[in-house]
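I have a structure I would like to understand better, so I am pasting it below and will then ask my questions one at a time.
Should a chain be cited, it is by its letter among A, B, C and D, assigned in written order, with residues numbered from 1 in that chain.
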Amino acid sequence: MNRLTIELPGLSLKNPVMPASGCFGFGREFSQLYDLSTLGAIMIKATTEEPRYGNPTPRVAETPAGMLNAIGLQNPGLEKVIANELEWLKQFDVPIIANVAGSQTEDYVAVAKEISRAANVHALELNISCPNVKTGGIAFGTVPETAKELTKRVKEVSEVPVYVKLSPNVTNIVEIAKAVEDGGADGITMINTLIGMRIDVKTARPVLSNRTGGLSGPAVKPVAIRMVYEVSQNTNLPIIGMGGISTVEDIIEFYLAGADAVAVGTANFVNPFVCPELIEQLDGYLEEHHIDHISDLKGRSWK
Amino acid sequence: MNRLTIELPGLSLKNPVMPASGCFGFGREFSQLYDLSTLGAIMIKATTEEPRYGNPTPRVAETPAGMLNAIGLQNPGLEKVIANELEWLKQFDVPIIANVAGSQTEDYVAVAKEISRAANVHALELNISCPNVKTGGIAFGTVPETAKELTKRVKEVSEVPVYVKLSPNVTNIVEIAKAVEDGGADGITMINTLIGMRIDVKTARPVLSNRTGGLSGPAVKPVAIRMVYEVSQNTNLPIIGMGGISTVEDIIEFYLAGADAVAVGTANFVNPFVCPELIEQLDGYLEEHHIDHISDLKGRSWK
Amino acid sequence: MIQKELMTVTNQTEIAHNIYEMTLQGALVDQMNEPGRFVHLKAGDEMIPLLRRPISIARIEPEKQEFTMIYRAEGAGTNALAKKRAGDKVDVLGPLGHGFPVDEAKPGQTALLIGGGIGVPPLYELSRRLNANGVKTIHVLGFQNKEAAFYTEQFLALGETYVATVDGSLGEQGFVTDVVNKFSLKADIFYSCGPTLMLKAVEQLQAAPSGYISLEERMGCGIGACFACVCHPAQDKSGTAYLKICSDGPVFPAGEVAL
Amino acid sequence: MIQKELMTVTNQTEIAHNIYEMTLQGALVDQMNEPGRFVHLKAGDEMIPLLRRPISIARIEPEKQEFTMIYRAEGAGTNALAKKRAGDKVDVLGPLGHGFPVDEAKPGQTALLIGGGIGVPPLYELSRRLNANGVKTIHVLGFQNKEAAFYTEQFLALGETYVATVDGSLGEQGFVTDVVNKFSLKADIFYSCGPTLMLKAVEQLQAAPSGYISLEERMGCGIGACFACVCHPAQDKSGTAYLKICSDGPVFPAGEVAL
């Protein structure tokens, strides 16, 4: 499958398809369904310094061609993630991208420092875009100067390349992308979820107990494509694109827009076998269309 | 239909349902289908000082549960809109909300001054959020200080109340809403379209000739609801809510979020009879649920 | 008058590779008075695909309150349509737009009808009406290949018919314009529908003193309200003049639109 | 093992007002080994509704490779399901979660099965298995009203059965707990499934020394990966402990989960 190999900072990928953070846990459940070594990489669930329960339920709601979630960064905490989850993941031949979250700079730094030392963590994904926590998260992702500063601080301590995950809930995403580039980011992952809400007309209350949540799935793909298109033309950083991918054509569209690899989120809930299926179909698609290598498609919509 | 009457600055509405700007032209086409006097109001297509052809075609594309458009403010220009369109609309017993657009402050002021003098124009809708023009438009809608200043200037010359149409493509919509409130706005209409894009995987080119376009339809409703929910709690301005409305339940959801009236855009293309149908169904819904008046629902999700 | 109706499918047949002929019945047919107009339709009330699809009226049978369309199953909308069976309902808005002016061809005159691919269908009802008026019709139909060709027999029953395929697998090899040139076809008037590039070439033929062409564009509303489907008039000093294909067209006098 | 299969509908019947009994056939049934587990399913491959729907397994017939579910057509997902006919396909992921431990009830003992509304279905396979093991079952089934009631005959065939309806239109008027109290029902073990408020009341009954309850929550993945369906353990000093209803449950020992 030579057409699919991708080299990115810290990451030698067999193929450019990986599950998106928060949509795959730490891989245990999916390992019962297929061999995780078939994946390009795995973006594990956001890890914070301390264990977090997250928000009260209901935490998910459906919307037209999309879903809202307000999990609230539930995770067992840095120590357990390293000792149990990353350790367990070592049995697979797949690079891990560790999603790092926190409420303040120190939290991010602490998690980044430790987790980047785990042998199978090949890159960090700095989550400055989670809309479902009250402090930190998205706050870091909406102010260029803050985003830059945080990137810098994390870069100082990280043993592996740092990708910054951008929020689509901003006026000017290029500005944020450039700021994290200035801050020393090695790559960008985008997009996180759009902030949305649903109200139950029967009860007159928000469906999610957190009231607002993050919108993902096919509905948001046009927004993601537009942002990848803009950012890829205005920074030199590699981009792992995501937002609404569920078919091979969606992957191609992200490549044409300017992505270097892709992540699949919500679609894992709809079809838990979607990642290996897409990897196989992607290879077939390239063969059928006489494309020598997937990266030939990068940015073709603007080149 | 007493349950449906609404009083807003400049607007005595028979009912709170009106077609959204750009999705109804100047009403001529729909007048062949039903009596326009049944509508709560009509938001006419954006008017600029000079005639505009807009963007090259293709100007529309479909997305999951939504559509992209990049019309580019095509309109016959202020003079013709007043002489032909508004004149023609006088035969109907329906208040007109004139959508005002431009590239610079002077354009907005010139259009606002003239069009607000037309007898059947009961309010202006200041379009500081059109994503499909290169200058002006959305540029005014993303910087609070600029939005405030423009609102002020338009208020100085307008003979009728001024509603400002907000863009969802901003980091902090409450900030913009407060700025236009400070600028003297009489009301807010929201949301305009989200910026999005689609790429044709066969040709590798953007589907829209303008490349990016505005995303509307059911896909964006969760974003619109979230923004109405936030803005209604943080300003004192009445809100005409829109974004993805196609059913009575959608209208109820906007009310619960904090809207005072609603506009229907994309759904007019799917079902050109949707506005009168919704008005009738809304009355039925309120009766069935023993709700004395539609405005009883306003903001119930947060009150 | 434009109406919206849940019409009933009375027939659905795949008549060529991915090409379907569908007949619909309902009162809306009473409003269909002209060939070349179109309907805007939705297979169901789901949100994907969200928008309606414009499809030409290919045959009108007023006595049965039926009309027939011929369409290619391509994307989401037409594929959903292709799943319909006799007895199912389809949400139809129409008839829309301005069609081919039949009376521009006088009895005894000859009309040249040039169609390409899914531009062929509206010419069928047109030809029937012209022939009913005593106009002689010559048909030139272009297709990709033999598998994609349809209705050649039906046109032949109405008049002289030439077929061109890009690969030569049926009729002449080449484009419709090649056929017109090769056989030096001449007429008093022409009517054409097909891809824009074809229409451009057709306008440059000298086969008839005047004619009409039918255009295609992506549509939103289909009724003239959204400005999705505009085109430039050929003569436009201001640069801001426009014609809407859905409501001013889809049929225009040849030369009126900048192609 | 969890599998995903396009299973074939062999029966679909409306057995009460808006309540459907659907039987599906396929190899996935070979994996079904325990009552109280569930499937996560999608009526079609469309994007609306996007997510799967969790539905309990109500009856397993391994020899026919069939299983039966009973569901209420409420929203988009279950209504799409209700449109299916025999011969149609349904996309099934399963079997998921942990079910009712049948062997906790010893032969000769008595088990009290308490179900409310659409919580009743999983108790049916449970009761069949308990009876097969020589356990005596007492069933208490609660419904809104007579129109919404189902499977009362089937349960009666397996053991003593009480029905409660909120409006008294069938059986006793009141809630399932009222019935248990009124008839002073006692057992060695109880099993219960229904709305959380009901489960809370059931846990407070003193009808059996121990028991199991099955919980509901909105789900994303259904397999334990998304953290949509968590609940708090009753004992949690840290405040951050959690149980996932989809993969740790949906069945839990009574008292284990904070309701």
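Here is the rule we go by: a residue touches a chain if its C-beta (ideal position, glycine included) is under 8 Å from a C-beta of that chain, and two chains touch if they have at least 3 such contacts.
The UniProt protein names, listed by chain, are A, B = Dihydroorotate dehydrogenase; C, D = Dihydroorotate dehydrogenase B (NAD(+)), electron transfer subunit.
Predicted model only: the values in this text are computed from it and were never measured.
Enquirer: Which chains are in contact with both chain A (Dihydroorotate dehydrogenase) and chain C?
Expert: Where chain A (Dihydroorotate dehydrogenase) and chain C share a partner, that partner set is B, D.
Enquirer: A-D versus B-D: which has more C-beta pairs touching?
Expert: A-D
Enquirer: What chain lies farthest away from chain A (Dihydroorotate dehydrogenase) once each centre is taken as the mean of the Cα atoms?
Expert: Farthest from chain A (Dihydroorotate dehydrogenase) by mean C-alpha position: C.
Enquirer: Could you state the distance in Å from the CA-based centre of chain A (Dihydroorotate dehydrogenase) to that of chain B (Dihydroorotate dehydrogenase)?
Expert: Chain A (Dihydroorotate dehydrogenase) and chain B (Dihydroorotate dehydrogenase) have C-alpha centres separated by 34 Å.
Enquirer: Any idea how many Å lie between the Cα centroids of chain B (Dihydroorotate dehydrogenase) and chain D?
Expert: The computed centroid separation for chain B (Dihydroorotate dehydrogenase) versus chain D comes out at 47 Å.
Enquirer: Centroid of chain B (Dihydroorotate dehydrogenase) to centroid of chain C, CA atoms only: how many Å?
Expert: Here chain B (Dihydroorotate dehydrogenase) and chain C have centroids separated by 36 Å.
Enquirer: Which residues does chain B (Dihydroorotate dehydrogenase) have that touch at least 2 chains other than itself?
Expert: 64-66, 218
Enquirer: When you check chain C against every other chain, which residues touch at least two of them?
Expert: 47-48
Enquirer: If each protein chain is taken as a node and each touching pair as an edge, is the resulting graph a line, ring, star, complete or other?
Expert: It is complete, because no pair of chains fails to touch.
Enquirer: Would you mind writing out the residues of chain B (Dihydroorotate dehydrogenase) in touch with chain C in their complex?
Expert: On the chain B (Dihydroorotate dehydrogenase) side, the touching residues are 22-25, 28-30, 32-33, 45, 50-54, 57-62, 64-67, 69, 71, 74, 76-77, 217-218, 246, 266, 268-273.
Enquirer: Considering only the defined contacts, which chain D positions touch chain B (Dihydroorotate dehydrogenase) in the complex?
Expert: Chain D residues touching chain B (Dihydroorotate dehydrogenase): 47-48.
Enquirer: Enumerate the contact residues on chain C facing chain B (Dihydroorotate dehydrogenase) in the complex.
Expert: Residues of chain C touching chain B (Dihydroorotate dehydrogenase): 1-2, 4, 42, 47-52, 76, 93, 217-232, 238-242, 247.
Enquirer: Which residues, counting only chain A (Dihydroorotate dehydrogenase), touch chain C once they are in their complex?
Expert: My answer: residues 64-65.
Enquirer: Under the touch definition given earlier, write down the residues of chain B (Dihydroorotate dehydrogenase) that touch chain A (Dihydroorotate dehydrogenase) in their complex.
Expert: The touching residues are 63-66, 68, 142, 169-172, 194-199, 201, 204-206, 211-212, 215, 218-223, 225-226, 229, 244, 249, 252-253, 256-257, 297, 300-301.
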